[in-house]
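Below are two complexes that have chain A in common, paired first with chain B and then with chain C.
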Partner chain A sequence: MTIEDTLVTFEGVHKRYDDFVAVKALDLEIKRGEFVAIMGPSGCGKTTTLRMLAGLETPSGGKITIGGKCMNDVPAHERDTPLVWQSLALFPFLNVIENVEFGLKMRGVPDFERQPRALIWLERLGLKGFEKRRIDQLSGGQRQRVALARSLVTEPEMLLLDEPLSALDAHLVIRMQGVLTKLQKELGITFVYVTHSQSEAFAMADRVVIMGQGEISQIGAPRDIFRAPKNRFVAEFVGRNNIFAGMGQSGGDIVVAADRISVSREATEGASVQAAFLSEEFVGTAIICYFEGPDGEDLKALVTEEELEALSPEPGEQFWLSWAPEAVHELEGA
Partner chain B sequence: MRMADILSRVYVAALFVFVFLPILTSVVFSFNSDRFPTVPLGHFTTHWYETAFSRPEVWLAFKNSLIVAFCAASLSTMLGFVTAYTDFRYGFRFKTAYLALALLPPTIPLVIMGLAMLAWLGRLGLSGTLIGIIIAHTVMGAPFAMAICRMRLQQMDPALEAAAWNLGASPWRTMASVVIPFSTPALISAFCLTAAVSFDEFIVAWFVSGLNKTVPVMILEILQGNVDPQINAIGTVVFLTSITLVILAQLLILRRSAT
Partner chain C sequence: MKTRFSVYPYVWRVPLLIWQGLFFIGPLALMVAMSFWLVKNYRMEPDFVFKNWDKMMSRGYFWDAYWITLWRASLAALLATLIAFPASYTLAFKVSDTVRRWAVFFLIVPFFTSYLVRAYAWQVLLAESGPINAILGYLGLGPFTMLNTGIGAMVGYMTLVLPLVVILQTFSLAAIDRNLIEAAWNLGASARATLFKVIIPSARVGLIIGAVFAFILSYGDFVSPFYLGGSKPPTMSILIIDTTKSGQQWPRAAVVAIMMIVTLFTVAFVAVGAAYGRRK
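Let's look at the complex of A and B:
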């Protein structure tokens, strides 16, 4: 990565409130044109990180740069870091086009230029003909797109998104994910996307940053994080992973992904554990079977419909869960 | 259940009759030709309105009342909005005390308030002036304006202001282009209500008005002289003015909670 490629850097950034540390010693670089998702459970500091990037929170220490310039003391309204809010925060007293024009107006773009630029974005996001609508006359998905248009109309280098899809119905989430990834590729700008949803982060991002308790736990491509979680926190948070304590070669914990577990009634050769069947869950083409391990741990295995029928498990029945040696990923630390 | 339903309807109707009958009586007698308020009624007349509004001191009192109501309502609304915004936007140590103080004036007995205003404004050389009444009515109206503005600001998404900063609006620009437009219904409503409070207010105005009488003060002075149906005529106009302002305020409150 060369200097020109880097758009944002966090160097030892931390944020402390009176009696609570929201973010501790964060180091992160974000490249131009990259789609980065910051993911973690609530209270992990991901939203604070985003707000510091937008200038809505001031870091207690460390340095944030955008385009090589230190941004610590630049107030929010002098930055070009539009944010798509979780609540959308559309202005209810303005109509659709007035909402979209807002950023241009505040930047002193003259009247005659504002309207055509806003219209281009409304059309691009499929909102043509809705210019004069009031915000409360729009559906959830339409409001979402107004919020996007409002943020993108100033043609920023970077767009920040704070759990923008959390209020939408499941089928709309998938559609909006498509809209967002397409937009990001077409515009070639940086997206920084904060979410607690693994599926959103993994579906869209080039790189995922996993945060826990104010620190970065792991940074990597979705596939790397899924296949090679660094520690127990990541492995648990990412889900569909089985964690076996103390089974590594050096006595550490190991992780085996649910889709690499095979289930049988008889004991098999190689690594395996005996576990009691709990329940099953259909997830599209495959089925997740849940088991309880010998030490009470939650285990899961991904099986096909045929496999499930062949096994026909009853709750409480014992099965052998086994895996190939190459499926094992050893965790760092305890 | 059905019986209870009927009873509650009757109760509400009775309540309205109880509240509005005296005022209605006054309205009816203002159009009655007899000098004394007795039944059976005489014939319909607008005589009392004509005589009342041919007196220059009545016009002067109305003019005074309107000036006071307009100025006091503007000042109350401004103060109330600023106080409510401070509460909405900032957290500070003695906030509860600050709010309690801001909401205190309506709990002070009006006679005490009147006396205190007289003493204080007298020292400032403002007793007996319209400015004195305006100050007194502003103090009385600001808590109402604050309550109304607070209700509106509580409905505002806290992200709305931050969203405006994020889109390049300075804090002052945000106030002008987001917070005030969002609060406009509350501001108009607070203005109407505090204007009505001022227009009706008698006790404090009586203490501080001196020669610059407002309408309620003038009504009492006429009443002290003799029973005169002109009072009913003036009273009806005052009532209509106030009720219009209050209804306007209520309509705005109702409409904004619908959205």
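Let's look at the complex of A and C:
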């Protein structure tokens, strides 16, 4: 990776409020044209990180650079880091096209140039004919796209998104995910996407940053994080993982993904545990079965419909959960 | 489907209608009727003559009073809005919730004392030999005649309306979604642009309602123009006092009052339309 490829760097950035540390010693590099998702439970510092990048919060220490330039003292309105807000924050007293034109207007783009540029973006996002609508006359998905158009109209190098899909219906989320990834690929700009939703992050991002308690727990491609979580926090947060304490070769914890567990009524060769069936949950093509392990741990196994029928488990019944040696991933630390 | 007739809702509406009829429609109708009555030997007699309207509408002093009142109330609304805004802005955005709550409480305190008493206090302060002129004297200025002038009246109007206008503005500014303000910065708006393009449009309703209250209160007030403004030129309210005192001319006072009500209604209607109306 050369210097030119790097768009954003965080160097030892931390943010402290009076008696609360939101972000501690954050080091992160974001490349040009990359789709990065910052993911973590609420209060992990992901939104603070994004807000520092936008200049809405000032770091208490450390250095943030964008395009090689130190941004610590650059006020928000002099940065080109448009943000798509969770609440969208569309201006209710302006109509659709006036909202989209806002950023251009603030940058002194003349009147005759603003409108065509705004119209291009409205058309691109499928909002042609909605220019004169009031914001409260739009559906949730349409508002979302107005917010995107408003942020992208200045053609920034980077777009920041703060849980933009969390207020939408499930079916719209999937559709907007498609819109966002397509847009990011076409524009070739950097997307920094903050979310608490694993499915959103894993579906869209090139690289996922997992944060917990103000620190980065793991950075990697979605697949790497899913298959090889670094520690217990990541393994638990990512979900669909089974964590077995002290079963590693060196006595550490191991992780076996739910889709690599096989369930049977009889004891099997190799690694396995006995667990009591709790319940099942349909997730599209497969079924997740939940079990309670010998030490009361929550275990899950992904099975097909046929397998479930063959097993026909009743709550409380004991089953053997087994896995192949290559399915085991050992966690760092004891 | 036939809806069964029920007296129940009508029964509950009756007290409201009686109240409205007794205390609003009734007196208003009486006043309108009275404006057509005649005064003979200092006594009113029901009649239907246009003499009172004729007399008032054709007099220069009526129209002088009309325009001066309209002008002063408009100026008071504008001044109150401009003076209150920095205070409201500070209370809404620059202080903690606790400080804001206390500030709003202290803004209500002035209403505990009679407005008349507060106007009298200004009489002392604004006098030619009063403390304000004394301080200005130290600085080599003045003395200025402030009492019994338009300035005196305006000081009185501000005493009356400022606390209310600050409260109304503070609430409407504090209710603005902070994300909108941050979104404006994020899209390249400077502090100034954010104020004019986002904060003021967002608080438009509250700002206009504040100005309307300032207008209405100043328009009908007689304490300030009387005790601090020297009642010259007379405002509409002073005209009512003068008319009733001189020869029991209640019908002519009714004419003045009706003109005031019509004006207030028009102004309030236009202002509320501007506050809530759709943009062009």
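Throughout what follows, the second predicted complex is superposed on the first by the 334 of 334 C-alpha atoms of A that agree within 3 Å, B and C clash if a C-alpha of one lies under 4 Å from a C-alpha of the other, contacts with A are read in each partner's own complex, and residues count from 1 in each chain.
The rule we apply is simple: contacts are C-beta pairs under 8 Å (C-beta built on N, C-alpha and C of every residue); 3 or more make two chains touch, one makes a residue touch a chain.
Please read these numbers as outputs of a predicted model, since none were measured by experiment.
Participant: With both structures lined up on chain A, is it a clash or a fit for chain B and chain C?
Facilitator: Clash.
Participant: After the superposition on A, what does A:D136 contact: first (chain B), second (chain C), both or neither?
Facilitator: A:D136 contacts chain B only, not chain C.
Participant: Classify the contacts of A:F112 with the two partner chains as first (chain B alone), second (chain C alone), both, or neither.
Facilitator: neither
Participant: Looking at the overlay, what does A:P82 touch: chain B (first), chain C (second), both, or neither?
Facilitator: In the superposition, A:P82 touches chain B and chain C alike.
Participant: Quick one: classify A:F20 as touching chain B (first), chain C (second), both or neither.
Facilitator: Touch partners of A:F20: none, neither chain B nor chain C.
Participant: Given the touch rule stated above, what does A:R150 touch, chain B (first), chain C (second), both, or neither?
Facilitator: A:R150: touches chain B and chain C.
Participant: Mind sorting out which residues of chain A both chain B and chain C touch, each in its own complex?
Facilitator: 54-56, 75-78, 81-83, 85, 87, 89, 91-94, 102-103, 105-107, 150-151, 154
Participant: How about chain B: which of its residues touch chain A in the complex?
Facilitator: Of all residues in chain B, those touching chain A are 157, 159-160, 162-171, 173-174, 177-178, 181-182, 184, 259.
Participant: What part of chain C is in contact with chain A in the complex they form?
Facilitator: 177, 179-180, 182-190, 193-194, 197-198, 201-202, 204, 279
Participant: What residues of chain A sit close enough to touch chain B in their complex?
Facilitator: Going by the criterion above, the answer is residues 54-56, 75-78, 81-83, 85-87, 89, 91-94, 102-103, 105-107, 136, 150-151, 154.
Participant: Which residues of chain A touch chain C once you look at their complex with the stated criterion?
Facilitator: Result: residues 54-56, 75-78, 80-83, 85, 87, 89, 91-94, 102-103, 105-107, 150-151, 154 of chain A touch chain C.
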